[in-house]
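Residue numbering begins at 1 within each chain, and the chains themselves are lettered A, B, C, D and E in the order written.
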Amino acid sequence: MTATLGRDVVTALLAANLQLTRGGFTLDVQLTLAPGEVLALLGPNGSGKSTVLDLLAGLATPDTGTVTLDGATLTAPGRLVAPENRAIGLLGQEPLLFPHLSARANVAFALRFGEARLNAAPARVQADRWLDRVGLAGLGSSLPGALSGGQQQRVALARALAAGPRVLLLDEPMAALDAETAPFIRQLIREQLAETGTSAIIVTHDIVDAVVLAHRVAVLHHGTLIDEGTTAAVLAAPQNPFVAALAGVNLVVGTAQNGAVVAPDGRTFRVRPADAAALSPATPGAEAPAPAAAVFRPASVVVHTEQPRHASPRNVWSARVRGIEPGSGGVRLRTSGDPEVIAELTPAAVADLGLQVGSTVWLSVKATDVSAYRR
Amino acid sequence: MTATLGRDVVTALLAANLQLTRGGFTLDVQLTLAPGEVLALLGPNGSGKSTVLDLLAGLATPDTGTVTLDGATLTAPGRLVAPENRAIGLLGQEPLLFPHLSARANVAFALRFGEARLNAAPARVQADRWLDRVGLAGLGSSLPGALSGGQQQRVALARALAAGPRVLLLDEPMAALDAETAPFIRQLIREQLAETGTSAIIVTHDIVDAVVLAHRVAVLHHGTLIDEGTTAAVLAAPQNPFVAALAGVNLVVGTAQNGAVVAPDGRTFRVRPADAAALSPATPGAEAPAPAAAVFRPASVVVHTEQPRHASPRNVWSARVRGIEPGSGGVRLRTSGDPEVIAELTPAAVADLGLQVGSTVWLSVKATDVSAYRR
Amino acid sequence: APSNAADTVEPTATGLEPQTLSVYAAASLTGAFDEMAALLERENPAVDVQVSYDGSSTLATQIAAGAPADVFASADQKNMQPLADDALVGPATLFAGNTLRIAVAPGNPLRIENLADLARAGVITVLCAAQVPCGAASAALLSNAGVTLSPASEEQNVTAVVTKIASGEADAGLVYATDVAANPDRIDGVTPAGASEVVGHYPIAVVAGSAHAEAAQAFVDLVLSPAGQAVLAAHGFLAP
Amino acid sequence: MIPRLLYLPASIGLALLVLPLAGLLLKVDWAALPALLLSPEALQPLGLSLVTASVSTLLCLLLGVPLAVVIARSKPRAAGLLRALVTVPLVLPPLVGGIALLSLLGRGGVLGNTLELAGLRIPFTTAAVVIAQTFVALPFLVIAVEGALRTAGIRYERVAATLGAGRGTVFARITLPLVGPGLLAGTVLSFARALGEFGATALFAGNQVGVTRTMPLAIYTAFNGSGVTTDQAVALSLLLIAVAVIILVLVGTRRASVLS
Amino acid sequence: MIPRLLYLPASIGLALLVLPLAGLLLKVDWAALPALLLSPEALQPLGLSLVTASVSTLLCLLLGVPLAVVIARSKPRAAGLLRALVTVPLVLPPLVGGIALLSLLGRGGVLGNTLELAGLRIPFTTAAVVIAQTFVALPFLVIAVEGALRTAGIRYERVAATLGAGRGTVFARITLPLVGPGLLAGTVLSFARALGEFGATALFAGNQVGVTRTMPLAIYTAFNGSGVTTDQAVALSLLLIAVAVIILVLVGTRRASVLS
């Protein structure tokens, strides 16, 4: 085994090297996952994301290749540890609730026969707690057939989390959730993974999921990983149109301070009021700065050639233009700083302002346009 | 029958008045749909959206109530016109491709036995054309089991569109689509509905779908419609937290001119380069201005107390502050114009700039932050 | 067959030990052997006689497979001989004969008087299959009389022939005299010319290795005794 | 995915079904076999059996599939009753089925009299064999197909209806293909049952060479003739079994390929 | 959702199954019925039939469900072969099943000799009745359950496994409940078949009052008993049918409530 993309294999919890051909589709993927790490697996429809998860969970066998967890071989030529003995959980693309069991019993099943091995009575109690957490209090006795699509998805998610595996594979876990619920569920997944130290791979079509939930992003295309790295790095330099379509965000990974995010280079990003609260320490007073991330779209970055005044943006700083590149949504301006910030402008604006590589510019972003998350 | 929410019933193609109780869930909904009109049906999980569609399509029977299409009664006490005789199509929340038929045959089924009544051979040819339109050229011979989740969803959508009903009901048609494909498919739905003059109800959790596809929005909550009206009106004045969570966009309905959208009051909104192309007339020269819409988020609107200069935003105008209201993402500033534009600011920014109702302000929005669509 | 006459008769000196005697008998012996069993039980109140009736070949097959039979009474030699050859039964003795009758619907509505009438157009005739005892006898009878029939069916046993005629499905058929005697309300019998020439013979034997050899022999003796023969005669059987 | 523990009872079950057939093989007089199997006494009943069982199976399909659909789509209470009625003929001992058919279609039977007036007589004809076989085989087809229909559910039929397809189209193009495996299973079962039918046939149709003597009747006749040695009966049974196995395996692998 | 055209063949199918039974009713001597049905000649075989059929059905479940699971989860080719083997006993005419069982377990039979040495004799005992019934009823259960398993698929089993549940747990809590309707159907079918079993029993178990004379044998005996009419046989059949219908309807409505 060799280091993959610069990551030390010694730290890898899960390591996979998978080859598979199915009709005209060929998959060839190497990936690793560190303990507690969350990887977002992105890629267009039919690129093989669900197939990778199936192979990792032991629900499918690769033509060649291996899967190891904590050094133990799970999949290898002639060897396939059964899914139930892998400690790898999978929430598939369809909720697939057991149709003969109530919502409560579905979740209790995971608590009784998953990691926790609870008895029937405590499993029921815990199951109700889980249903409460996904916003389904009171629906515990409903059979899956009497639940709406989004409700089923939430039960399935609760069930997958409740099983308590060492590695959790989530295939579009936020699909079918309503706009009001989605952020809460996203937060729930984040907290649950962090609290239990569970490693996870999350398949998603929503870049927000990747930014909020994942430490690292891998992009699958026609069965091969075409891009891989920290979320910020991948988004900052999209390697193909798919990633570009997904990307379109600036990501500042820094520390939380007084409801704002401080970048490594000291810039302070004020964030929208709703998120600012979450960034403030629960108990006021001296506290180690918590890691946090701020996210805003390149299109939200206003570029000035003079220092802006009398304007609403809370975040204003100056930087130098590092690069001017055509992008899918206009012209992309890379500006100096740690991290670099991308601004997206129309060609007309670039011409108007006479921008060139090396120009000094003032950048502003409205706080209400900046989302933030604790990491 | 009486006019519903000010709409004249004479113009209604589809009119429904539905009551249903299922366990603890009660539905009570009145709605109408004009010929060619597209209605976005929004609402949290379990609010009854799918149930409404089932009732309209004749797959479920209401406890009481009626459904009429073009004056003919489809559902009434003791009368239930069969789904196949309703000319109402339904794309359900699950793709439900016929598992024994190839992707091509699935679509061809709709062409042979739906409105078109094509023969086998032309149906196959047309089906392949449909698969091409949803980006699945070459996968026609695949059985559903060999398609990925997103691919299945696209086939199901092609099948529903190909059936050519008078009214099409789409339940989360964009679910499971990848980020790169989604805009194309959204456009395809729009064009297809417009070309064929099909009325439609689209259930979605994504406000973009409502904005792009729908003329009107209805919001369902616990089985009752709590809000209803043009997309712009509903989003501008959210009546409950769910709508507020969804909303967060400014919508300018106007006409396309030189790749920009001109508002009713004459303001010109320049839009992101990718969309500008779509707004330009296909054949240059004199042409009646085409209806178009521009969309941007309140958080993208920068507020100045002096006219901004030397800055990138392409769209700059002055207005008066009409209202200052607390919002979920900060403070919402309503500013004059037709339409009103909402700007979202942090309380600190409002204080800093000394904003009050009546103040005159300069507003700017970057063109790269403005999406646009022909309507 | 439980006997309530048992208490009224005082036990004889030769009274046998308490035991259950299992007799396998051809189906046509049903009525006669029920009485035979009662007779033996009267003489030996401790003995319970169980008679199993079925086709002779079924019974023979079961005995060959080790069925717990003590006595075997067959409707023909063909099913007894192989058992005797394999020493699965003791020496066999013929104990009764049976002759054929033309069975017709009660009152003989079609006026069938002889074998030739069976060949009349419009008369539906059923026979036993040549492989079963009554069928073999029928074939012999018909060939003696020079009559060729095309029967509507070749039944697997006499009961089926009787049933078809009694139910009106068929108009006539050849059955045993004992069948006519046993079904007085359902069929009438016509004695064809030459019937006495073709006699089916019934052998009886004690099954080898019977756990109740003494009682079994007693049953065989009873069948062969004047009392037994009287019972058989009353059911329409001929002397062997 | 199979719990290990299940292999033991599964093997016992298989042994219970297969070993007696193997036992039968031991009884065969292999030297005499070829001549016997090629004799008209063997081939004629075999031909009749194959023809009548095929016709009966076809009848079962024509009558049974619609009946299965009606039951599967009935309200639970009605379905329960119909299902019970359909199952009853399974309980009938062979003989009783024959009596029942005779009492309906025989001379003096309710329908039999009417038919006779029309110049139609069913007992003792090949038609009677087919009716008897259909009577005993139909429940198999109905129950198998009904179960498959119920499991398949109506989700896809509903989708087809919302696409505008009429009931006939949906039935032919969606419903039937979806219950394909169940349909095939039911067909196999009813063909097998028809092929082995003896009791009702013997009483209702009789036993006439070339007209109503099917293989099971030939076997019984042979058994009655040869008695203890059972040689000929066993040989004929073997022929029947061999033909059945060939047909079942052929259909079975075809079915497998349909399923995969 | 049912195409109208189907109602006609469905009615004919139902008529074919039900009318012969109605014809049977016409043959009943109603005056003599009550006394006969309450006589020990009727009740003892009925009791024996119910007991043996219940035991056989239990055996079918214990052996047949595992066998069905193995077949349903086998590769297509192996499954096709196994399924054919399991179906063969259906083809056997009643008699041949008996011959086969005797040739295996009877005196001189392969297993029979071994058992005899161990002091065990199976033929002509109540155990033989149960074995004969199980032999003929087992295929029904296996085929019905196998079909249901195949239709249910393994999606839910896979989900259960990814949640960490072992195979036994998955089998008991997911697989079995999901094929519940198919299991019930199979149980009903095999019980009905066991209750009506005559041929193999007659040869393999014999016809001894209280030991092996089940209801079908009692009917046969009554039918063959010269001197009496078929009345008694018909009356006994009626009793058997009535009991069967009651059980089937009870189970059927229970089933309906399970399904709804």
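Heads up, the rule we're going with is that a residue touches a chain if its C-beta (ideal position, glycine included) is under 8 Å from a C-beta of that chain, and two chains touch if they have at least 3 such contacts.
No experiment lies behind these values; they were computed from the predicted model shown.
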| item | value |
| --- | --- |
| Intersection of the contact lists for subunit B and subunit C | D |
| Fewest hops from subunit B to subunit E - one hop per pair of touching chains | 2 |
| Separation of mean Cα positions, subunit E and subunit A [Å, integer] | 57 |
| Approximate Å spacing (C-alpha centroids) for the pair subunit C, subunit D | 35 |
| Gap in Å, rounded to a whole number, between the CA centres of subunit B and subunit A | 27 |
| Set of subunit E residues in contact with two or more other chains | 99, 109, 158, 161, 167, 170, 223, 230 |
| Residue list for subunit B, restricted to those that touch at least two other chains | none |
| Two or more partner chains touched - positions in subunit C | 61, 64, 157, 163, 167 |
| Every chain pair in contact, whichever chains are involved | A-B, A-E, B-D, C-D, C-E, D-E |
| Of all residues in subunit C, those that touch subunit D in their complex | 55-57, 60-61, 63-64, 78-79, 82-83, 124, 126, 129-132, 151-157, 160, 163-164, 167-169 |
| Subunit E to subunit D touching residues, read off their complex | 1-10, 12-14, 16-24, 26-27, 62-67, 69-70, 73, 76-77, 79-97, 99-101, 103-105, 109-111, 131, 134-135, 138-139, 142-144, 147-148, 150-152, 154, 157-158, 161, 167-168, 170-171, 181-182, 185, 188-189, 192-193, 195-199, 215-216, 219-220, 223, 230, 233-234, 237, 240-241, 244-245, 248-249, 252-253, 255-257, 259-260 |
| Residues of subunit E defined as touching subunit C within the complex | 99, 102, 106-109, 112, 116, 121, 123-124, 202-203, 206-209, 221, 223-227, 229-230 |
| Residues of subunit A touching subunit E in the complex | 57-59, 82-84, 87-90, 92, 96, 98-100, 109-110, 113-115, 159-160, 163, 165 |
| Sites on subunit B touched by subunit A in the complex | 22-23, 43-47, 49-50, 93-94, 142, 146-151, 154, 171-172, 175-182, 205-207, 241-242, 245-246, 270, 272-274, 297-300, 302-306, 308-314, 328-330, 343-350, 352-353, 364, 366-369 |
